[in-house]
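The following pair of complexes shares a single chain, subunit A, combined with subunit B in the former and subunit C in the latter.
For the complex of A and B:
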């Protein structure tokens, strides 16, 4: 980087952009290359967008998140938001480099935001200490891009479904590219998801490495590994001894209890290696994190964010896999969208029906109509069950709805989820009344 | 920003927003309403509005456990089908693959679970345990021992336990119907 002459840290973000601050980045932004997208506005236009307009959301301020925040700030993103629900643990300090020993116990999002703003003048990082599920569609609508550095499948499924649902055919702004990074030891992946256009996170759910689970009879009878002893404590002994009491894997006393039980078990079977840390790791399903793998994956996510935000180069289409466990291999491929994906697949139909129609009449229509022809459809709307073909008890419970006017169960413009064995996954109906 | 919008196909652009039903919820609806169970299996929903908590009763019509009604609880969490349903036997039964706490040794409930499997596969798998109890994956070691060594005695113990009787000092639940 060119040495700044004077760093003016007051006033607008523009004024902090001292001469040649982005000298290197600007080599890419000032002129189109032979293969840049025709829509690329080289020069002032794209720089202006990146540095004054583009708003990006980072989900997760952990191992990947720290790297992502630093990379984004240093490549010229100025309006960054970050969400994380965790507080800093002493074990994070070996790789989550925005945190110091004095920060232990404080929210990751707040400390990370403060650090980046102090270190990179002119960047605003807006933290939120809480869950992604706390925020609604309006919140997510304000961003141009979302980057995820999460270790939870559940959180990823949630944000993916939220962004797919956000897509409104009448509003191009509603389509938010999602860049998802993940690591596991020496392995990692980065992917670009264009909600409703490319394959989504849910489309690839069956490709995931599932958490290691040991056969329950091995745990019960023939333990050989320290993990078997820990699972014995958490899967079998906890419910047996503690009854209904819920295990809280963030509670050190609970971990201690499991550790004691697991240690006794290990002693009995002459197994070595049960430690407090391993106990916590197994029950919380902590995947060993390696700082340098995080760095590689975070960097590729941020490069994609930069390319997507600026159109300065072709972006990843759409799945990059890094396998560093046996030499170093990487593989980039286009993961295909699935028709039977519960989130982005399936069809969606608008139906306009008379106000007088009963549920039964609608079902007849679904069964008969030439272009639909669904055999034995089951219908729900949100959490409300409208009509279920099976099992018997639920069929009986929902049968009275057949005679009810549809309008009593689904409001004008409301949605119905239809499932049937003849459908790849589900069909969603938007109902309007005439 | 890249222009993604133009990449949307026309027919997709016509598609409307989808309902805010979670993938797990729709998947459970699909699994349950498409269950194809033999008459030997029945589901019971304590709260018909709650699809995530229910029980399954298995009444085998052949094999050593014929004449009993075995009840399993199913708990499905919001990460289904990434995670399998949690299934436990609600009664104390004498079975080599079920322990006294109700834990069940069925591979597809743990190590071999895959999102392409469904509730139907789990239920069929559970029923199979009653037709072919497996001495190789024991959770009740004594029962497994007995099955391996002395099939006659094992059969006798099963009948005894199903009546609510004692086997080797343990009283089992009466499951005969």
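For the complex of A and C:
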């Protein structure tokens, strides 16, 4: 059996780089293009860095992650780490191409890493089955680049803030380019974030689609859509009937129960359209996902990683958006940094609120406002505690403040510091009253 | 996600569903995009991929995963060390020296046991010699980086099969790429447009108008008053306005005054339905007409009363739609789908039923018009689907591959209107032409795993120079066309930095930099794009590209040459 030059020898990466292994990639590493930056060192130096020194972290081994890992490995990255806290579900198999039916239930990071190493010799993929929050600054410090293929806004905000906090102006190595991808159906986006230099993830929070939230009074009293009936089942009926039992949206019996309850309510109100699929979609907040869109966005992320690691071409500045529903439409633009970004901006966010607002009303705004979206915020002003979600004693001590007018606690032009346990940063607000 | 209007309440709510089967669960995330009908089309499709390069297998991966019915890879080449280096669907332990079509099919089939895949290791020349029969067995043909001379024979062959498969021609070199879909006609009933159909606030049908006029706003119970759906508020406000002013608001000042009149109807600040009505006031003074895209489709039809026997179903449906809109009030059939609005269950469901009854009536009229137009044999569900999606239908008239390159006038004009896109296209065309004359066969890389680097270098073929490619371009657009200046002028300072030469030369340099490089990331990017287009062509849902789509992954943009 013919085997590529010493590919079976498991040793240094040089020994697995059979002749012509990088026939394609080397064409762009051996010669500059007309738009290539003059600092590009064509040839051996750049290949050496890419293939023996560059260490890259992939966050997420799902729809984007599988694609990202394969692309990086084929591009010549040899030291790849991957973090994912999920296990494989049958609904992943329509796009997460490193997984098979026999893998259902196993950790994504482990299965993906093993598959890549089997298919692309000489590449080391180090998996971690767990949360990004388990890792500390020293861990993130070891990488040259980070690519994110996540579906969670919270996790992205966390890694973004962590990498911005990591930047030490005295140490250029501490600036870790963050490449972030995301998809929904036929649409997606890829972006390059240079922490503290370019606009960060938090800067663009207002670009996210507003999550559909149904007012509780609609759900409770005036349902009109099948979605309202499903929300009634999951938000109101589940806790009422099931008590302390935690709802598991991955458990088909739980979905069945919600579906039955929602169907009965829909029948009562003569509302049509409650189905199993819709019930599952609403309670799990399912976003449609296909292999092809993930391929485009993951490729775009990896192309930027490759360009940054090799300087073979300029990298994206800084946002690429693609819409494939009507032809192929894309938009490449520079998203601007926000001076009042709580993560990278440094300036307080100005908010003006009616004098009549209570602390509770302000908290409601912090949860809902598109460019803030802080769930369970704790508030303080200088040394004064306004409201704290935890610990329990502090929560109880500050709870009476919820009903007080904000103006009694914070003067006009005063500052409020907002924190939340899920976010590794604080938001400072400057309040004026109208 | 919206409810199906034809569903019967009893049926929908008494037939309790249980957890879907494994197949539905596996495809759940895509069924939410193209539903069971799209999935069926995909599972019945037969796709031919010509070449088993990295770009080809990247494309196929994205068709095998969602469950395409059948694919064939036509490729006679043997796997080289370079192939294994950039193609995820070749096996470093087993594929070297074997037919790469066989190997790629084997590894692709591991992704989905429901898909059938075949490797054809015949030479493309011998297949072309067989004529059209080989190709007409496929739903779609995708040709990746084939020599110009082969494409020049393949594309007319497919074009001349009356119901022949569309052809996607893909080219790439280094960071640059493009594709073109050759088809005669492509009709889309389910475009999944995000533009909502008209609610006809400005042209209310009798039952809606009566409903709005009958409301006793003054003496209404406060709870009911706060639950009047905004559509009803607007119909009423507009009627009152017309009574007073004679005509709907048209000037900016009138529109503002109208909006204020709506807000004046609000009794308390907490009546959110009136705020919603004010926010939707534009619906009252935006005329419900035929969307220009639909009107443009009418213009492609023969004059009314021309017999349509033997015409495509889409033309018959379109003709019936034109007949429908020729009657007052000159609008499209009403949609039964009502968006959510501030209201209570009773008022909302009542309004929904008013819309539904009217939509049913208009659908019945439309069905009759379809029969009158000669469409008695069109399946009822297709007629209804067309009626429901009338505001967003699309009918694309395609072109033959290569037409752009022989139309010198268009080339020159597009160089001005879409300079960077055109520059990329002509660069890739010139490269393709150059490679046809100077094939780089990778003989230095082919099969001989033990060849030393020196040996390989000595066998390396000459690379195309910018000058050589530029000469080809000049030959295509005409020696009299001053490319550089026109491109430079059109692109302007915003794009070309002052110290760089004109754009096209740049692209040519790029091509020359990596004339045969099938970069893994570019292959994956293109594989995603081509698969999206293939799915749109196959399912006839969403709207595919019509024209050349060019991709530049140096500066990370895509563009269309229409």
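Quick note on the criterion: the second predicted complex is superposed on the first by the 298 of 434 C-alpha atoms of A that agree within 3 Å, B and C clash if a C-alpha of one lies under 4 Å from a C-alpha of the other, contacts with A are read in each partner's own complex, and residues count from 1 in each chain.
Definition applied: contacts are C-beta pairs under 8 Å (C-beta built on N, C-alpha and C of every residue); 3 or more make two chains touch, one makes a residue touch a chain.
Quick caveat, the model's predicted, so the values are computed rather than measured.
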item	value
Subunit B versus subunit C as contact partner of A:168, first or second or both or neither	first
More subunit A residues in contact - subunit B or subunit C	C
Partner chain in contact with A:385 - subunit B first, subunit C second, else both or neither	first
Touched partner set for A:126, first subunit B, second subunit C, both or neither	neither
A:221 touches, of subunit B and subunit C: first, second, both or neither?	both
First (subunit B), second (subunit C), both or neither touched by A:397	first
A:49 touches, of subunit B and subunit C: first, second, both or neither?	first
First (subunit B), second (subunit C), both or neither touched by A:249	neither
Subunit B/subunit C common contact set on subunit A	221
Subunit C partner contacts - residues on subunit A that touch it in the complex	1-5, 7-8, 18-25, 27-28, 31-35, 67, 70-71, 74-75, 90-91, 93-95, 97, 100, 119-121, 185-186, 190, 221-227, 252, 255-256, 259-260, 263-264, 266-267, 269-278, 280-281, 286-300, 302-304, 306, 313-314, 316, 320, 322, 324-328, 330, 332
Of all residues in subunit A, those that touch subunit B in their complex	37, 39, 49, 54, 144-145, 153-154, 157-158, 161, 164-165, 167-169, 172, 175, 177, 194, 196-197, 202, 205-206, 208, 210, 213-217, 220-221, 235-236, 239-240, 307-309, 311, 315, 342-343, 347-348, 350, 378, 380-383, 385, 388-394, 397-398, 414-417, 419-421, 425-426, 428, 430
Subunit C residues touching subunit A - in the complex, by the definition given at the top	1-5, 7, 9, 12-14, 16-20, 22, 25-33, 54, 58, 61-62, 65-67, 80-82, 84-88, 91-94, 96-97, 110-112, 174-175, 191-194, 227, 340-341, 343-345, 348-349, 442, 445, 449-453, 456, 500-501, 505-506, 509-510, 513-525, 527-529, 531-533, 535, 542-546, 549, 553-560
Partner subunit A, residues of subunit B touching it in the complex	1-5, 7-8, 12-23, 25-27, 29-30, 32-35, 37, 42-45, 48-49, 78-79, 81-82, 97, 99, 101, 103-105, 107, 109-111, 113-116, 137-139, 141
